[in-house]
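Below you'll find the structure, written out as structure tokens, and then a few comments.
By letter and in written order, the chains are A, B, C and D; residue numbering begins at 1 in each of them.
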Amino acid sequence: MVIVLKSNSSESSIKDLIAKVKAKGLDVNVSQGSEHTIIGLIGDTSIILPEDLQSIDIVDSVKRISEPYKKANRKMHPGDSMIDVSDRIVGEGRFHVIAGPCSVETEEQIIEVAEDVKKSGATMLRGGAFKPRTSPYAFQGLHDEGIKLLLEAKKATGLPIVTEIMNLNHIDLFADVDLIQVGARNMQNFDLLKELGHCKKPILLKRGLANTIEEWLMSAEYIMAGGNSNVILCERGIRTFETATRNTLDLGAVPVIKEKTHLPIIIDPSHATGRSSLVAPLAKAAVTVGADGLMVEVHNDPAKALCDGAQSLDPTQFDELMQDIKRRVIFENKVLG
Amino acid sequence: MVIVLKSNSSESSIKDLIAKVKAKGLDVNVSQGSEHTIIGLIGDTSIILPEDLQSIDIVDSVKRISEPYKKANRKMHPGDSMIDVSDRIVGEGRFHVIAGPCSVETEEQIIEVAEDVKKSGATMLRGGAFKPRTSPYAFQGLHDEGIKLLLEAKKATGLPIVTEIMNLNHIDLFADVDLIQVGARNMQNFDLLKELGHCKKPILLKRGLANTIEEWLMSAEYIMAGGNSNVILCERGIRTFETATRNTLDLGAVPVIKEKTHLPIIIDPSHATGRSSLVAPLAKAAVTVGADGLMVEVHNDPAKALCDGAQSLDPTQFDELMQDIKRRVIFENKVLG
Amino acid sequence: MVIVLKSNSSESSIKDLIAKVKAKGLDVNVSQGSEHTIIGLIGDTSIILPEDLQSIDIVDSVKRISEPYKKANRKMHPGDSMIDVSDRIVGEGRFHVIAGPCSVETEEQIIEVAEDVKKSGATMLRGGAFKPRTSPYAFQGLHDEGIKLLLEAKKATGLPIVTEIMNLNHIDLFADVDLIQVGARNMQNFDLLKELGHCKKPILLKRGLANTIEEWLMSAEYIMAGGNSNVILCERGIRTFETATRNTLDLGAVPVIKEKTHLPIIIDPSHATGRSSLVAPLAKAAVTVGADGLMVEVHNDPAKALCDGAQSLDPTQFDELMQDIKRRVIFENKVLG
Amino acid sequence: MVIVLKSNSSESSIKDLIAKVKAKGLDVNVSQGSEHTIIGLIGDTSIILPEDLQSIDIVDSVKRISEPYKKANRKMHPGDSMIDVSDRIVGEGRFHVIAGPCSVETEEQIIEVAEDVKKSGATMLRGGAFKPRTSPYAFQGLHDEGIKLLLEAKKATGLPIVTEIMNLNHIDLFADVDLIQVGARNMQNFDLLKELGHCKKPILLKRGLANTIEEWLMSAEYIMAGGNSNVILCERGIRTFETATRNTLDLGAVPVIKEKTHLPIIIDPSHATGRSSLVAPLAKAAVTVGADGLMVEVHNDPAKALCDGAQSLDPTQFDELMQDIKRRVIFENKVLG
């Protein structure tokens, strides 16, 4: 961390600052510029937030040099992490496709979709039981009944199931869920993250609507700091000024993530765009750009979907996409599933 | 709600769509344009999310005309709401200043700050006990001990206390807190909002970093739908491309909110800008633009603050600001507190 | 275009509004909802801007249904446009790679880079002669001397040349340039666009930093309305809150553009990310997502580049990328160049 | 400027970098951290863009410490600049209100509006002659005829006139215009800025839709570097994700600008919000926050305005606003005009 001091700082206040920093167990390196004095901090700076140093009145600005995340940092773990989701490995040469409806609706629906997507090559089944909806008056999901139906579909197809948690009191309800999803709106629900850090389940951590890559990795760090290293990241579009798509899919985040962390990353083109016609081209690009998988909404009757239907593929569209994806996974020298 | 159909929609599929809409208890008005058929929905459309209709393949686009919020809507409640915070009224001609440190640190600190800000004219005391920090390694607050210290400061000064809740299991801990704050990162933590809807406490609902005004009002609606109408809104800056300030304070949100809802709104210039030198000019502008109050960070030793010190005023700066604010409140024909 | 009226509009003011609209040669379709009257406009609404109708006091909101662009609209021209750049065809099954340095510096430099990128498979040469720099004190390009050097490099290699225009008085200077680039900062320099509409040269129109896809197509429409249909679009990243990359590359814009317009689109991953390590993964993804080409910065000595070196590939890196791109172009059943 | 080197940089490459920097006439200060070597540049760093240094492969990141603008920098000119607009002084204790229609339409219209706004207290007259419109099919202004009409209105009222330039060839046409406006879309039309740097006219430089405050000041620097120091800044809203207002007015930019530069700044609440009902509250807040003036759209018949009518006040609304503004200007110890 580099601290740039204001040009008129007194010697005694500089000494005070240095003493404070040393009291936190860090060493310093002072260099005198023409206009500004610059103090470099030496040691583990992850315990300090730059905004905390900003408070000191002689400080002009603070620049972090080392990343604030440790367990998620590729420097500490140069090889790719492989996350075990009920014996399916995510990361390192494997490509996963998680498919299924936005919401679990009925036993028939979820089992039919599960069988359809499995036949097409999906490697995991998704389905919402607890749904974060902007309106309190909109359908909120089937809750525990939804999880029960997902487990029926798992029994019928063998596909591991992925579903979203919204409440830290529900962790027991998710005991048989294979991969627990944290949604974009809860990416900085730190109490939920801490709780998930104490379980051993793999976690699918979606990027918040307006969160930077660094904040996202810090949220992963919250889970990992609690002892749970089984984190898979999911980019699902960020909020920008553009209105032609629901959000703007940040595919450039994939190579950035690959540089910064050893954790796997998958792409959700369905929520990112909100339009089914854009799902296939962006799903294909996700394979190319180096993602470790996809999360795609598939509904057996999109026009009847209880939520978010506009972005769902029907099973035929999904099957066509999967035939194409399979060729691309081979092209990238990866293996499906 | 207006549904614009694609230009080549078949008569039978249009009939199907109309039937579905009528099945939800709504009536329709069909008008045939040169290129597009347009269907207007008649009745209570708050149960429908536009994205759900988008799923139907003949639908080109959907435009909401009536607002999706009901209890928060000024149309349903033309007069300004007055929220009772332990016998202090927020709204309608009153102007409140909530002041105090980012974090509660020690009994001496919080009581000293409380006495200082009270002397200067603050009408409520703020202080963080549970702190949402981006890093798991940074100070997270004193937790229940912090609330205990706030209650000591309340006993010493009589000021109602305001502090942030991050966990729905903590509601009992907040039994003696006068105004419960929901932070920006939890604005769409719907399970927390629902839980707060079942208590009677006044809630200070901060706007999310990248949430629209409509989403913010829908989050207020979540609390109100549960039976708790005591919601005060707080604008605290939104995330934009600009880096000269931490966030961009959206003062234009105040007159927009005043048109759309009867709920009071206050401004937090400290978190919005992240720089103490910008707090005073924006605090003054907040009075002028029609806000019902301010939330300002004050620390008795900003340079020693455990978090977010850069944006804190010291008691002298706060006192100067308050002398100015008092004149402005009078100028606006309002009353402090 | 659909006009939603305020709920309390008087019959006479509605009649006035209808009369005004009819005076512009449009017909109307009035439908009476429960709360709102809705007026649909029938005819060519491209002459009306929604914000102009907003002015009328009984108007609640206005929604455009037909796109405001005509010549750029795919509805008017369902097949893909093929743009002829000095006998090289852009669009429809061809994939072009425009490569070269940010700035033209010396004859040796530009000829060496031109020969290098040609050998690797680039189909056009880029190089900046007039450079838009944020600082008046930074290097601004070699100007007409730069164009002369580009023409030398064209003579040496046969590659068509692409370079940016910043001033409508320079069109004559660009007489021998094969493809004239309009930079992001000039995307809404309407006087420049109008002037380019009167020449017959192909134009490479970059998307503005914070412009929507609709605004971008309207800028293409400016050029086309003047009589010049030879427009190629270039996505180069949009400005968002994220700071890990210089801009956020919006690859989802490619399938959106393919739906809305018949014009070709290419991708510039160099300016989008500002970091050379991210160029290759995003260039590959651009092929996959359906772009018609790439624009890539290549410098024979990136560390010595006079501008924007951080994002430049050296000739060896570019050659590696091109070998990979060639395989991908074949995979997509397209032809390079 | 501080250069942070990558952790594994060789001694010889560090020496090379230092030699390059010294060759540009700068001195360096090297400090060795635990992980990173840091090089501080000493001297006038305005000739270097950080992105140029990023190109060097041993460079991890570059941080500017001194601002890149010199003539616009308050450090070089601690007192407020006073800009003379045909004998009206802008800045330092004066508050100006520039009012008038979006577009000049007829002689009757512009003279009537000019007389109205003068009567209410406006100190300058605005009116668009050259209009930047997103659509080539929309009304583009009366051009030189519009300027002629503005000059008629000036003759009738004595009010200095303000109107927008879009084309560097038009400078002669603007010979009698008192204050030349550069619109948001041309803020980085550097050739136009350079040309305006060579005339002596005062320039009203609007902030670009998505430009940072630093970029805005660099555009002012372009004009000033050419020899024209008569620059007035105008904040008119920035583009964000929020859709309730056309743009988000960044009132926090006013105190930031006051810290960084000596140039005056005015606020345009009309374009920022796009809705007339929001103009008054934000205009009042602009006085409070420390702006040096306002630019407000007033039309004698907003419902008939040829452009942008939604945001225009009628003369009665403007008169009410001005009576209020006058009281506020006095409250701030300033003088109108």
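Going forward, a contact is a pair of C-beta atoms (placed from the backbone, for glycine too) under 8 Å apart; a residue touches a chain by one contact, two chains touch by 3 or more.
Note that the structure is predicted; figures quoted are calculated from it, not measured.
J.: What is the set of chains touching both chain A and chain D?
T.: Chains touching both chain A and chain D: B, C.
J.: Please work out which of B-C and A-C is bridged by more C-beta pairs in contact, and write that pair.
T.: By the number of C-beta pairs in contact, the winner is A-C.
J.: Same or different: at the chain C/chain D interface, is the fraction of residue numbers used by both copies above or below half?
T.: same
J.: Measure off the straight-line distance from the CA centroid of chain A to the CA centroid of chain C, and report it in whole Å.
T.: Computed value for the inter-centroid distance: 31 Å.
J.: State, to the nearest whole Å, the distance from the C-alpha centre of chain C to the C-alpha centre of chain D.
T.: 26
J.: Round to the nearest whole Å and give the separation of the Cα centres of chain B and chain C.
T.: Distance between chain centres: 39 Å.
J.: Considering chain A alone, which of its residues make contact with at least two other chains?
T.: Counting only residues that touch two or more other chains, chain A contributes 210, 239-241, 243.
J.: Which word fits how the chains touch one another: line, ring, star, complete or other?
T.: complete
J.: Which residues, counting only chain D, touch chain C once they are in their complex?
T.: 46-49, 51-52, 54-57, 68, 132-138, 166-169, 185-186, 188-191, 194, 209-210, 215, 218, 221-222, 225-226, 239, 246, 274, 302-303, 305-310, 312
J.: In the complex formed with chain A, which residues of chain D make contact?
T.: Checking each residue of chain D against chain A gives 2, 4, 27, 29-36, 38, 40-43, 60-61, 63, 65-66, 210, 239-241, 243.
J.: In the complex, go through chain C and note every residue touching chain A.
T.: Its residues touching chain A are 210, 212-214, 238, 240-245, 248-256, 259, 272-273, 277-278, 281-282, 284-290, 328, 331.
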